[in-house]
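Below are structures written as structure tokens.
There are two complexes below, and they share chain A, which is joined by chain B in the first and by chain C in the second.
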Partner chain A sequence: MKRKSKALSSLAELLIPLIALGILILFNLFRDPSFFGIRVAVNNAGNRVLTGNLISIIDSASELAIIAMGMTMVTAACGGQDISVGAVGAISGAVLVKILQAFGAITGPSLIVAFIGACLATILFKLFNGTLVAVFRIQPMIATLILFSCGRSIAYWINGDATPQLASPILSSIGMTIPGIPVPTPIFCVILVGVLLALVFRFTNISLYTQSVGINQGAARLNGINPVAIKLLSFALLGVCVSVASLIGISRLGQLNHKTLLVDIEMDAILAVAIGGNNLGGGKFKLSGSILGAYIIQMLTTTLYAMKVSPVNVKAYKAIVIIVIVVAGSPVVKEKIGALMKRRSGGFHTAAGKGVR
Partner chain B sequence: MKKILVLVLALVMALSCFGALAEGIKVGIINLDPSESGYREANVRNLTETFTADNGYDATFVTAPTADKQLEAAKGFITDGKQYILVSAAETTGWDEVLEEAKEAGVKVFLFDRMIECDPSLYTAAVVSDMAKEGETAVAWLESLNLDEYKILHIMGQMGSAAQVGRSGALEEKCAAEENWTIVADGTGGDSWDPAEARKIAEAAINGGVEFNIVYAENDGMADGVVAALDAAGITHGVDGDVIIMGFDCNKWALEKLLAGEWNYDGQCSPFQATKIDELIKTLEAGGEIEGLNELNQIISDEKGFDAKTITQEDIDNYGL
Partner chain C sequence: MQNDVVLKMRGITKQFPGTLALDEVDFTLNKGEIHALMGENGAGKSTLIKVLTGVYEKDGGSIWVEGGEGEAHIHSPQDAQNIGISTVYQEITLCPNLTVAENMFIGRTSGQVVNWKECEKRAGEILSNLGIPARPRQQLGTCSLAVQQMVAIGRAVDMQCKVLILDEPTSSLDDKEVESLFKLMRDLKSRGVGIIFVTHFLEQVYEVCDRITVLRNGQLVGEYPIEELPQVELVAKMMGKSLDDLADFEAVGEKSTGAKEVVYEANGLSSTDCRPYDFSIRRGEVNGFTGLLGSGRSESVRAIFGADRVTGGKVRVKGKDVKITNPHEAMKNGIGYLPEDRKRDGIIADLSVRENIILALQVMKGFFHPMSKAQMKQFADEYIKALQIKTASQDTPIKSLSGGNQQKVILARWLLTHPDYLILDEPTRGIDVGTKLEIQKLVLKLAEENMSVTFISSEIEEMLRTCSRLIVMRDRKIVGELTGEQLTQGYVMKTIAGGEQ
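This part shows the complex of A and B:
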């Protein structure tokens, strides 16, 4: 019984993103059922690939979903967001390319070494952010503004080539599909990162510690949790996520453009966290919510594209829908709805007041 | 120890003598930031490789992305007593005063790559690309294919830039004039000519059920973005494929895709103005006159388009950026 109510309340926390997703799906069903069609086709390289809007949504949202997971951790621990993820992603890409170029050829082992190198570099940059936030207590947005504005220049400085070309079968296997498997590889990357994080949470207390630091770091410290370490850890995890997203981004096009790789993704990632029902002020968090948020954002974009809204105007339409979702998920509205439902059913209520310090 | 010291001293003296002897034509070059694009990178490289001491020049390079820094550099060059100033301007206006100053001081000014809005008498010559002609060449090539129907996915560059206006102009004109030419979907890669954005536009068109048989992308990077979307959706492209791929700029990797038959056409946009300017300066220094200028004192770079069916490895080596 207790277990059931726990599952129910966890579902209730995801109420807003689930409703948003449901509305989007219904809307598309009424608009054009063929929106959901999936078929198999053969591309230029002779590979069989799955195509269709759904595949395209899940595929395109991969980088966003991965970064949103890391962003959720930082948000929960620090009560603020890292706006430098896109710029540091460019740095990660530059390091990756630099190491690959040093090897001369893109092979399995050289790519693994390059990725580990890029990962370490990214973690280092994220720890710089983390130190400013955790040790010097600078507001996250201000602290990460530094790398936000200079990160892409650093990427260019690391790798002076304007747009290095990296066409290779291995990279296109990561960015598109592995020959023989018609499902786009980025989807597997999201699953991999998600499962790894879930395992970490399952076997450690990081999740609980992060929440307690986010809710009240003084109380957390009194209970023997080191808030600085937890905050730094969240930034390090974000660093890993950014590296993976950066690798996918580079593999998709087979080139590194330090100016446009993962550009503007920070805003979408913060949005995904917010749509996912997480409190942007820190505390309790739900990774699944953020992932859902990422897919909602992408589905919204793809729906608008499918409705032949020109890409220039998409951002404006997107903004309108997002305002609605965010307002619907705001504590004030949630409390109102919660009270309403409580009065109706006389018991069950949504998780209003979640994350209140 | 002493021996080494003497040797080093002798070397230093020899070098300084050499330095004093190496008095070339004094040139100041003002360009944009090389990180702008593959085009700019090639452009900067071409300039630094051309205006060397070995080639008889004493050149100073400034790369600045903003107009005020560029103007400052130009003023510095005039006071330094440069004989020639070469400019690729960040902004088309605001140069009159400096250019007049240069004229009074007897400094000859060459514009390259980008035009400046001023009286043509203020500069000796402008070595630039004709973007409208680039578009016309591409459209003429497309017309020569004699397709029954032209359903075009049009990916535009930075809106309002000379390259976008020129390359879009020719295509839009043709589509307005011909019954069987239609732009079925379009979009822009934005200020950074973003391949990822181009990919999204193509994805949107594919998923929206828009049928197209031609991709007209206004630079190579964006064409590549579209191709990535086609590959993901299982649509064939190139010489033996369903969709014709067109790009601009002639990056080396893009020409290689042409050679491999994955793309169909790439229009050249020459960043190699240095060679021409070098030639012009040498002519002037020898007491000659510059010929072949039009009413705007321009020399238009000779640019061509490459067809996947006729391109050779030699073309790639000669024209690839």
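This part shows the complex of A and C:
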């Protein structure tokens, strides 16, 4: 009984994003019952792969889902967001390509070395952001504005060529599918990052520390936690997420375009965190919410494209739906609904999670 | 006498959400007098001053200023200045990168064109007139703090002020500077300016003031000529006791811990917020820091825990030299600290009761050694039972508990770490009487179990009941250490007040 109520309450925290997802699914089912159909097809490389809207939604949301996880950590610890993820993603790609070009050929080992190099460089750039935020106490939005504006220029400097081409079977099996496996690889990358983070959560106190720092930095310090270290750690984790997303992005196209790699992803990532029911002011967080948020955003985009909305107008329609989701999850509406439920049930219920503010 | 009144405030009331900051307070200031406004932190001194200077709007009552027709209506600091009320705050609010003369005239000139030559001449006159050692064209930042303070006063005086408010003007000045500030104050007094002097340095009050108004919990305690209110009685009034009550309070029997091992010892310990001091505590001893709020007692214990930046001193824990510069090092050396401000420094509001209880122990175990969920639950259960914490469940966020129960959770957090030495700063503030007694009993029980405890409370009775040694602080210095026979309320108050009794 107790266990059941607990599972319910953890579901309740994800209520808004789940409802949003449900509505989107129902809407699509009514609009076009074949929307979610999955077929087996043969792709350009001659592999048998699963295709269909559902697969494409889950596949193309991969970069967003991965970055949203890192963004959640930064949000929770610092009470602000990193808007330079896209630009630093371009830097990560540039470093990756630079190292690959130094090797000459793209092989398994050279890719691993290049990825590790790109990952370390990305972490360094993220630690630059983190230092501004944690040590100099600059607002995250402002601190990360620096790399947001100059990140893509730096990427271009590192790798002067406008769009280096990187055709290689290894990359295409990362960006598309591995021969013999019909599911797109980026989906596995999301799962891999998710599992790795879950392991980090399981074997360290990062979750408890991050939430404590985000909720009450002063009290956390008086309990022996080092808030600066925790904030830096969150930025480092985001760095890892960004370089994985960057690798997927490059692999998909088989080329590096400084201008378009992970472009505009920062706002979608912040949105995913918010739709997932996380407080953008920091503190308590739910990684699963942010991942859910990423898929909702992608499903929305795909739905709009399926409805033949022109790419120019998609953003406007997206904005309308997002306003509805965010307002529905706002404290004011939650409180109103809570009060309504209370009246319905004859006042026995105490509004859940309604604390002293 | 009536003709001499320059400022009259009657029935001033100010309400903040949840608290009545001022409750029908009266205040009268005469021409040519220095009037001390006294009270502990939170008594309502600064609220009264902010009402008077137009920073806050009063909710009730009336203000009359000499020369005004009828009631004075003060809605902004500008209004206050226009009717002759000037304020010099604790922090200098002038611009250090401008000259002395510019600072004295900025924002006061009408019209677009300012004749700075004229201003400099005028400034020079005021400075020499008041004996302020500064030149008009000198950059303000190059003057000492005291002189900057005086320039601020000079600016106020030149604005034809009738009422001059000095809010803690001496807190960052050394003795010599204080002396020259007092000289200036006496000079202004002889020119007929009424001065309201706010300070927590009791001795300074007796040096320059003519009358004292005492506030407590937002209410007026009384107004007294300085000769009729000895320092001890002033302290009693500020704390809300009458001296008669204190006479027959019996000392608690001395608890003998003299032979036991010294658990913690500090020599010349200092931090950014506290001056160097010596301190030690033995195993199983309960001692306390007492003094008025703001006397430096909290800052002193914070230095022990490394809560503020430690700037010097030698520390020995159980006879071994150690360095404690941050809370984590203090915890590793077996020290726990329950902070004074529970909401700000204690609770992690959105986290559950369970997480709040295990937090400190978990941190001590280390980043890579998380406890199992089962273990956390067991610890939380154990302490919820032991301290009778009233909570719906372990998963309830701590912010929805009552103040007393929140405090018990924080107490549980530190007890769980099994410290050798526990510092409790105001553990009983803002909680109900029953819980207060429970906490005091718990402190004595812990001491019996050989824990050393430093207990700080604003209520002297509580400290007398629990402590075998009291360290008395005044004006950020230790002024006495009381044991045995000396542990009576009257004696403690006398020591807090100082003076020659």
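The definition used in the following text is that the second predicted complex is superposed on the first by the 341 of 357 C-alpha atoms of A that agree within 3 Å, B and C clash if a C-alpha of one lies under 4 Å from a C-alpha of the other, contacts with A are read in each partner's own complex, and residues count from 1 in each chain.
Heads up, the rule we're going with is that a contact is a pair of C-beta atoms (placed from the backbone, for glycine too) under 8 Å apart; a residue touches a chain by one contact, two chains touch by 3 or more.
A quick note: this is a predicted structure, and the numbers were derived from the prediction, not measured.
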item: First (chain B), second (chain C), both or neither touched by A:A219; value: second
item: Which partner, chain B or chain C, touches more chain A residues; value: B
item: Touching partner for A:A167 - first (chain B), second (chain C), both, neither; value: first
item: Partner chain in contact with A:I83 - chain B first, chain C second, else both or neither; value: neither
item: Chain B versus chain C as contact partner of A:A41, first or second or both or neither; value: first
item: Chain B versus chain C as contact partner of A:T260, first or second or both or neither; value: first
item: Touched partner set for A:G52, first chain B, second chain C, both or neither; value: first
item: Common interface positions of chain A, toward chain B and toward chain C; value: none
item: Residues of chain A touching chain C in the complex; value: 6, 202-206, 208-209, 211-212, 215-216, 218-226, 283-284, 353, 355-356
item: Residue ranges of chain C in contact with chain A within the complex; value: 305, 307, 326-328, 331, 337, 339, 344-351, 355, 359-360, 362-364, 366-370, 395, 397, 399-400, 413
item: Residue numbers on chain B that touch chain A, as the complex places them; value: 34-38, 40-41, 185-188, 192, 194-197, 199-201, 203-210, 221, 224-225, 228, 230-238, 241, 251, 253, 262
item: In the complex with chain B, residue positions of chain A that touch it; value: 34-35, 40-45, 48-49, 51-53, 56, 59-60, 156, 160-163, 165, 167, 172, 175-177, 184, 249, 252-255, 257-261, 263, 301-302, 305-308, 310-312
